[in-house]
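Right, one structure below, let's go through it.
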Amino acid sequence: MIEVNDLSYTYPGTTRPALDKVSLRLGEGEFVGVVGANGSGKSTLCYALAGFLPTLYQGECHGQVQVAGLDPIRAGPSALAGTVGFVFQDPFSQISGARFSLEEEVAFGLENLGLPREQMAGRVKEALALVGLSDLAGRSPFELSGGEQQRLALASILVLQPQILLLDEPTSQLDPVGAKKVIESVDALTAERRTTVLLIEQRLEWMAAHADRAIVLDAGRVVADGPAREILTAPSLDALGVRRTRYTLAAESAVGRRLIPSPDHLPVTLEQAAVLLR
Amino acid sequence: MGRLQRGLSTLTLVTIPVAIAINVVVGQLALAVKVPLYLDSIGTILVGVLAGPWAGALTGFLSNVIWTVAGWYTPAIAFAAVAAIIGAMAGAFARAGWFREWWRAVLAGLLTGLVAAVVSAPIATFVFGGVMGSGTDAIVALARSIGLTSLGANMAQGAFSDPLDKAISCLAVWGLLRALPKSFMARFPSAASA
Amino acid sequence: MSPAPSLYLPQPTGLQPLHPLTKLVLTLTVLSGAISLADPRYVFATYGLILVPLAGWSRILGPFLRYSFRALAPFLLSLVIIQGFFYPGELVIFSLGPFHYKAEGLGFALLFSGRLLVGLGASLLLLLTTRMDHLMQALTQRGLSAQIAYIVVTTLQIIPRFQSRGEAIFDAQRARGLKTEGSLLRRARALFFLVPPLLFSSLMETDARAVALEARGFGKPGPKTSWAVLTDSGGQRIVRALCAVAALAMIGIRLAAVARPR
């Protein structure tokens, strides 16, 4: 579904590459987590996959990328819209502003893709229900709280039914319970549609609950890539500015003090920790 | 129109609403602290400088459309062409490199203000009967009491108020250009010459 | 968060349910009437006999009259004073020192006030009865660039957000001791501390807006569809055609009158 070979990219006006010879392969239906410190290239990788580099940002770009059979570097973002869905952190900038109500806002992307009107209503309704905003369908997007606006941003992309979903901290402003629910319903939906998901998330616990595989970026390079639980518990993360979960750290210290036998894998989530401690 | 059909870059497109909002909000701030300036075209000048005369003209034009449509000042739409000229002139001056030094930016503002005054006077005269419905009408009355014609009085009023306002606005944009990150500027088509 | 600044007042009857283009054409026709008519009586009749009944039919008479007069009042005042004294004429009504108030000037002021009243009124009628997004959609279907429609509607919606951001910066700087009153120099200095933070925060987010818009296919070439349905009718098409003919006729007659040698 996604194939990246030796991709390097430098933003205009900077000298250090934001992506440095990145190579990556993602299959259909895979759910992959991406971790790394601020400025390690996580968001830039999403930009590259969605076709924003170098079309929108100019800068130096080398290497090959293929996404769902398209070349984002040459084709640009509009060719990928609908195929690649991209949701990011700041909710206010993701509201188009061009529509007056939530349902119209969600339909905006479908209008741009030229979907016949008869097919819109069902898809808009489904997307709003998925993020828990059905009750507010007639409201103005600007009357929502930050968390609700994030849900709206997600619905506005999910409604396009993309084959690839890039999520760059999409629930940072939601309360923990709400965020967990939203991620769960996105996971269920994407599993059903065999959507390929790339999730950037600070809270490794959630990532581990959904991602099969994790990638670690450092200074624009892929420094680790493997099964999520293995990667997200690796002690080397500490030096890369990624905070492992308290369950990982607690279990690690318990193992160090020989309180529990050394397991195959340290836990990331509470559930995994519970299993370990029986 | 051909230029518009081909379209603005997406970045220019999303910057224009922000620029118009800047026009409105800075204009209101100027009112709130009661300085005798309009300061309602900083956004227009900025877009002209960053994205070229066409985008600047469009920003100015639509700014005045918005003033009308939002119900703040219904007559604004009649002066939309003047606002468009301000944006276009800022873009042209920037292309000629006039926004590189502060004093040339001030000069560009003075000239822009003079042109704005000359162009808006006939509109005030022939569309609004020679008044603007604001405090500046006192200047118009003064000018006419010393014998100027209606058109001349409106020009005198504009020549008094506009150049100073546009010079300060251009100076503000000059300062802003120095303060904005290079990486931000690099994404705009015309920014190189500014 | 206050909603987008808009004068639109929804009503189930009157002009509101009509196709936006019908209302736009009506407004433009009345505007051309305002420019073309040279007799103040006809001009005021246009307001009283066309615009006022339409506003009544649309159940917005109160707001319509209020907005009309609020928009006209400053012009009316300046016109009556300035033109009365300075318009060239012979018929002096009264004198104030060296200045003479003349009937010709008053007549001119009345004609222009009437024209402004009709022009402002026609515009207000459109704005009070039409959703701006629907008007833009209708114009886009007739060939207006989707980018321009986007700019107009988006600007209306983000301005309140920027206003509250501006107020927040104003309050924050005042809380930190910034003086926003006093001498002119001090107030100008205050602007220097208020404007840059506003400009920076708003310009830096344009990047993200561009990304979000592209991700939803706004730049995609090819036909777009629309969620909202604008209902039109044969009757409205006829009205629009008649209005267009009337507007052209009025402008034509006026031009002929002006061009004729006196």
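For clarity, chains are labelled A, B and C in written order, and residue numbers in each chain start from 1.
Quick note on the criterion: a residue touches a chain if its C-beta (ideal position, glycine included) is under 8 Å from a C-beta of that chain, and two chains touch if they have at least 3 such contacts.
Being a predicted model, the structure only gives us computed values, none of them experimental.
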Pair joined by the larger number of C-beta contacts - A-B, B-C: B-C
Most remote chain, CA-based centroid, reference being chain B: A
Chain A and chain B: spacing of chain centres that average the CA atoms, whole Å: 42
Interchain centroid distance [CA atoms averaged], chain B/chain C, Å: 19
Residue numbers of chain A (touch at least two other chains): 56, 97
Interface hub residues of chain C, defined as touching at least two other chains: 150, 154, 158, 161, 205, 209-210, 213-214, 218-219
Shared-contact residues (touching 2 or more other chains) in chain B: 10-11, 17, 187
In the complex with chain B, residue positions of chain C that touch it: 5-7, 67, 71, 73-75, 77-79, 81-83, 85-87, 99, 108-109, 112-113, 115-116, 120, 123-124, 127, 132, 145, 147-148, 150-152, 154-156, 158-159, 161-163, 165-166, 170, 180-181, 184, 187-188, 190-191, 194-196, 198-200, 202-207, 209-210, 213-214, 218-219
Residue numbers on chain C that touch chain A, as the complex places them: 1, 3-4, 131, 133, 149-150, 153-154, 157-158, 160-161, 205, 208-229
Contact set on chain A toward chain B in their complex: 11-14, 56-58, 97
Touching residues on chain B, where the partner in the complex is chain C: 4-5, 7-8, 10-11, 13-18, 20-22, 24-26, 28-30, 32-36, 39, 42, 58, 62, 65-66, 68-72, 74-75, 77, 128-134, 137, 140-141, 144-145, 150, 153, 172, 176, 179-180, 184, 187
Partner chain A, residues of chain B touching it in the complex: 10-11, 17, 181-183, 186-187
